[in-house]
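Quick one: this structure, given as structure tokens, is what I'll be asking you about.
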Amino acid sequence: MDIRVQEQPFDLGAEANAFAAKQTGMGALVTFTGIVRDLAEGDLDTMEIEHYPGMTEKAIETIANEALSRWTLGDILVIHRYGKLHADEVIMMVATAARHRADAFQGAEFLMDFLKSRAPFWKKEVSGTATDWVAAKDEDEDALSRW
Amino acid sequence: MDIRVQEQPFDLGAEANAFAAKQTGMGALVTFTGIVRDLAEGDLDTMEIEHYPGMTEKAIETIANEALSRWTLGDILVIHRYGKLHADEVIMMVATAARHRADAFQGAEFLMDFLKSRAPFWKKEVSGTATDWVAAKDEDEDALSRW
Amino acid sequence: MDVLYFAWVRERVGRPKDKLETDAETVRDLVNELREKEERYAAAFADLDALRVAVDQELTDFDAPLKNAREVAFFPPMTGG
Amino acid sequence: MDVLYFAWVRERVGRPKDKLETDAETVRDLVNELREKEERYAAAFADLDALRVAVDQELTDFDAPLKNAREVAFFPPMTGG
């Protein structure tokens, strides 16, 4: 298991390749990558991500351990950035490795659903002088109930 | 949409990065990568993948178009190799881009379920003098019924 | 009409392709014609449940008509991905 | 006890952290104590449904006991991923 909470950018492709190279006997790899979307108005200047140092790593580890206990996974990678990001920058990624594709897919979806609503990150959109904390969506909370 | 059926290897990380770079306004990318697993006995020499030139590309395109009609996807990538592969080599990958993660995940799972049982590829495992055509699994056929 | 064979169907038949003149109206008629041709075809087509068929590169079933078909392919269930 | 604030809770309170001596038995008691402290705390804690709380870096609820707690954090629903 590899969990990183960091300010600096990372390279999705390089991380995907490094994760794949570490596996043996795993037939299925799934990655999810979250990218800063511009606002509907096309005027996003920055997305600022705040987190709770200390709790963040623990919360992600708890979520990852729960995924390992529910599915037959060979490995998990989670990288999540904080700080100032711009449109089209990579915010975060998860990767799962498994012998079978259903485990890899479900493990990754489970990680994403819980990272979304149970890891202490908060996003703020800044466009010009306007700043808006991104509101949690009911559908994200609802997504947890399927697991 | 980018569909490639090819004998030569490809670089998962480079393809994931190139796919990500092509997108605008997509907050969610999912990739699935299939890798040659060694046999339980650890003596796989090669996996030979046969396909049906002409039909293969059409079948994948039909599957991809069905995915585009069912989910709100910005883009789809499918690369599938044929010919002789060794353990730990990448067999194939799919990638999906979407504004929302549920679409990206479901699109990718749908593509995988249908590529598995509806695209004309056949795998043969060769170990020493023993060759075995990989049998289709009932669970792979069953997986289609959920869509 | 081109008749193609893939995977173990190809191996049992012993070749990847036949060119045939046939009056078979359906895929099933064609299968019966092939079965009578030679023992290796009978072996390849022994169990239709283990086979899939495509007519002009579209998956179909054994009752599909062959009128105007240019290419019929027989193969085991697919194992891509 | 360290009391931490994140996101708009931090902005409303006007600082990221307080160090407090408190006899509050539960998180809810602590919230009531803070509300009476100053108007900006009352504003930050106006609607508990819009808030989440962690005690010693574990998510919990407003009825959680504070006995032996070293760190309490208040924040809006999380928006990671």
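A few notes on this one:
Going by the order they are written in, the chains are A, B, C and D; count residues from 1 in each one.
Everything that follows uses one rule, which is that a residue touches a chain if its C-beta (ideal position, glycine included) is under 8 Å from a C-beta of that chain, and two chains touch if they have at least 3 such contacts.
The structure displayed is predicted, hence computed values, not measured ones.
Taking the definition of touch as given, a chain qualifies here only if it contacts subunit A and subunit D alike; none does.
In the absence of subunit A, the touching network of the other chains comes apart as B, C | D.
Work out the mean CA point of subunit A and of subunit C, and you get 48 Å between them. Rounded to whole angstrom, the centroid-to-centroid distance between subunit B and subunit C, based on C-alpha atoms, equals 26 Å. Subunit D has its Cα centroid 71 Å from the Cα centroid of subunit C. Shown for subunit B are the residues that touch two or more other chains, namely 34, 101, 112. Residue positions 81 of subunit D each touch two or more of the other chains. Going by the touch rule set out above, the chain pairs that meet are A-B, A-D, B-C. Within the complex formed with subunit A, the subunit B residues making contact are 11-17, 20, 23-38, 88, 90, 99, 101-102, 104-105, 108-109, 112, 143.
Interface residues of subunit D, counted against subunit A in their complex, comprise 4, 6-8, 10, 54, 57, 59, 73, 75-81.
Contact residues on subunit B toward subunit C in their complex (touch as defined above): 34, 50-52, 54-55, 58-59, 80, 91-92, 112, 115-124, 133-136, 141.
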